[in-house]
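You will see two complexes here that share chain A, one where it goes with chain B and one where it goes with chain C.
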Partner chain A sequence: MSDRYIARSTEIAARILGGEMMIMSAVDSTFFTLNEVATAVWQAADGRTPLSEIVVRAVCDQFEVDPEVARADVDAFVDELSRHGILLVSDRPFDNASSGPGEAA
Partner chain B sequence: MSSSHEIAVEIGGMPILVRTADPSFRELLASRYAGFIGASAEPSFELDVDLVPPSPEMASDEDVRVEMQGGQWHLRRGDFRAQWDPRLRRGRVRQTANPYSIDSVLRIVHTLVLAREGGFLLHAASAIRQGRAFLFSGVSGAGKTTISRLAPPDAILLSDEISYVRRAGEGYSACGTPFAGELARVGENCSAPIGTLYFLAQGPENRIEPVNPAEAARCLLRNVLFFAEDAELVKLIFRSACEFVDRVPVQRLTFVPDQRVWDLIQ
Partner chain C sequence: MSLIEEMNQRALELGVPLGVHLDVTYRCNERCVHCYLDHEDHGELTTSEIKDVLNQLADAGTFFLTLSGGEVLMRRDFFEILEHARKLQFNVRIKTNGVMIHEAEAQRMRALGVEQVQISVYSHRPAVHDAITKLPGSLKRSVDAIRFIKSQGLKVTIANVLMTANTGDHAGVQALARELGATYTLDPTITPKMDGDTSILNLRIPGAELESVFHNEALVGNVEEFCAPPPTPGDDVLDGYPCSAGHTAAYITPYGDVFPCVQFPLPSGNVRRQRFLDIWRNSPELNEVRSIHAKDLPVCSTCSHVGTCTRCPGLAYMEGSMRGPSTADCEKSFRRTGIPSANMLRKAGAHARVPLVQIQSLTL
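Our next item is the complex of A and B:
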């Protein structure tokens, strides 16, 4: 199964406040507050690290989560944020987070 | 050549010179914004109002839209069309001779100007007590009018509906507005540093509870007046809300609708 790559959109505003990551879509003003695990995934969304590796390194290695459960939760989280344009998703690594996917590596 | 009639409407310390060819419309503005009429010698902003006769075109139910096109804000609602140039600090409105259209345009222009300065208009009642301003925010029905009506004589009402928030050094100040709600009482034209922002709820007892910063920002953003469909402005408002809750105490005020609630507000 091919992997996915995720990158933070530039069309958002984000800030940690009181220990919680808050993200607002500049496109549709949707507001999200991320929990600790979601924040770890968000911060690892560099556009170049495969999502499967993010699940292992940022979630399973840091929190006591079953890999299959973690993958399902992260997939749902990524799908939700990508629907609002907050996370960009591609089956190829991104050249950079703001310019969309680059050539296949 | 038609002569023009001017009046400076000064809200939040920002005088906007409104210019019209119709002297009776100027008088309408003078009455509507009594207490908020400033000196017109050095206005910060200018707004030309072109009055048009009533027509089906200017009486639709179209919702407000605010969009940036070619460096200008385009404001549009069923009852008015307007442009606002943020660089020139001037704009033009086309509307019929009524106070509601210009009132909305003024609110929108203030939100656009304030956003660049870290301030905002908020769905909130506000009042000054003992030199500090207190804001009471909530959606319609949360109790803004009720708490305004219950204010003791020593409280100076700034607004029962729309509060005006400006950055002031490291903190924020609240200014009076003529934007009245159900109480139909224009606020006092004065300002004070903001002591606390309360989110209102009505309940069986008077109670104040802390609100965590993320929840405070979320509630604040829900109640900020925000019209523009513009990504840059969304970012500015988000940043302003976060900085506000970083600097100003935010609490939840549950209250019984009688005067004793004001014993907690000081």
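Our next item is the complex of A and C:
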């Protein structure tokens, strides 16, 4: 699969509580909590770093997870959050890091 | 337990002020007859002071931020404040009368990712609404604002405070909310003025009217369930806390004073003199509020309603003791279930020669 880029939507609220990220979408008021691993991916979603690199740096290196398993889990997580408009996904880097879609969106 | 309840529980355990209500001004362009505020500006926090407070709240873990007033848009820097709050990724709810919201303001709120806007509507009839706000044309302007905000795809809640002047209009306001696609909430609570003046309490709707509100399916849903006699309170109830005030929630005035809640004006510190987190963690007042369990309430702990009552410790405080009963909530519990509160029985006992008119009238 060609690489993907992920950026945090501007239409969400987010805060860490006891190590877990709480996220609420302003669009449909859906409320999520992310576990530690997902929180690390979320924080790395700067719109510029390729997802494959995020998986290595934010997940495999930090949590000792097998790269293939991690990649599959992160892909599923990214798809789920993008369905709710919480993460923006593109096959090109975003213009404005973590502040929403640029031309690529 | 829902996810949000779980987060609340975790915030309680970790001592995190998850929800903060910040009034950015007490100035207002309406002069509502029931308002508890002094609208003069006595030295509001500056833009940079507010931004600094918001930074501190984000660091303290606050997630839900309510921006309110007064009228928030009386501050020319309101959108600058809002923008800063959203940069810090708060979930922002705005309370406003909507009078100054047109298409451009609604668009800006949408672009900044506001979660919802609450607008006060007192009646569907302009004459009644405008007589309460004392601003001619205000109903039309508030309704126009709701339309502008809704057309941006934002959520709107219509808050309908019920008082003597608009007692019969809740059905009309509810129909208006439906037509506008807004959520409707009804609030029969009139609170004393911040300076302790209780004269506006005579605007509270009479008990019999409260009773009919509580038995109205359109307002409360399942009446049988809502008005059911309270179950015998167990240890979990008596060991529990009254509400979120001071536990996971706090209130900050436009002058930087910190209270446990907007309806609980217990001075607990000021962000101009201390860091917010210092106040939150170390204020003796907030720690006193936190130390009170239901079993420590001398009257309420003996009351059959204690587990289901909406008892507000802030209203109790304004009545004289944060450990005491809140008469307005006694009245609500009584009108809802027909069962007198411990406070009513105590007062009746203290005035034994006075017939229990209040209580007898209810069984009619």
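Here is the rule we go by: the second predicted complex is superposed on the first by the 95 of 105 C-alpha atoms of A that agree within 3 Å, B and C clash if a C-alpha of one lies under 4 Å from a C-alpha of the other, contacts with A are read in each partner's own complex, and residues count from 1 in each chain.
Just so we're on the same page, contacts are C-beta pairs under 8 Å (C-beta built on N, C-alpha and C of every residue); 3 or more make two chains touch, one makes a residue touch a chain.
Note that the structure is predicted; figures quoted are calculated from it, not measured.
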Fit or clash between chain C and chain B when superposed on chain A: clash
Partner chain in contact with A:Ala13 - chain B first, chain C second, else both or neither: both
Which of chain B and chain C A:Ser29 touches, first, second, both or neither: both
39-47, 75-83 or 183-191: stretch of chain C that collides with chain B: 183-191
Shared chain A contacts, counted only where both chain B and chain C touch the same residue: 11, 13, 15, 17-18, 22, 24, 26-27, 29, 31, 33
Sites on chain A touched by chain B in the complex: 11, 13, 15, 17-18, 20, 22, 24-27, 29, 31, 33
For the chain C and chain A complex, residues of the former touching the latter: 3-4, 6-7, 10-11, 14, 16, 18, 58, 61-63, 86, 89-92, 113-116, 153, 155
Residue ranges of chain B touching chain A (in the complex, touch as defined): 212-214, 217-218, 221, 226, 231-232, 234-235, 238-239, 242, 245-246
Contacting residues of chain A [partner chain C, same complex]: 10-18, 22, 24, 26-27, 29, 31-33
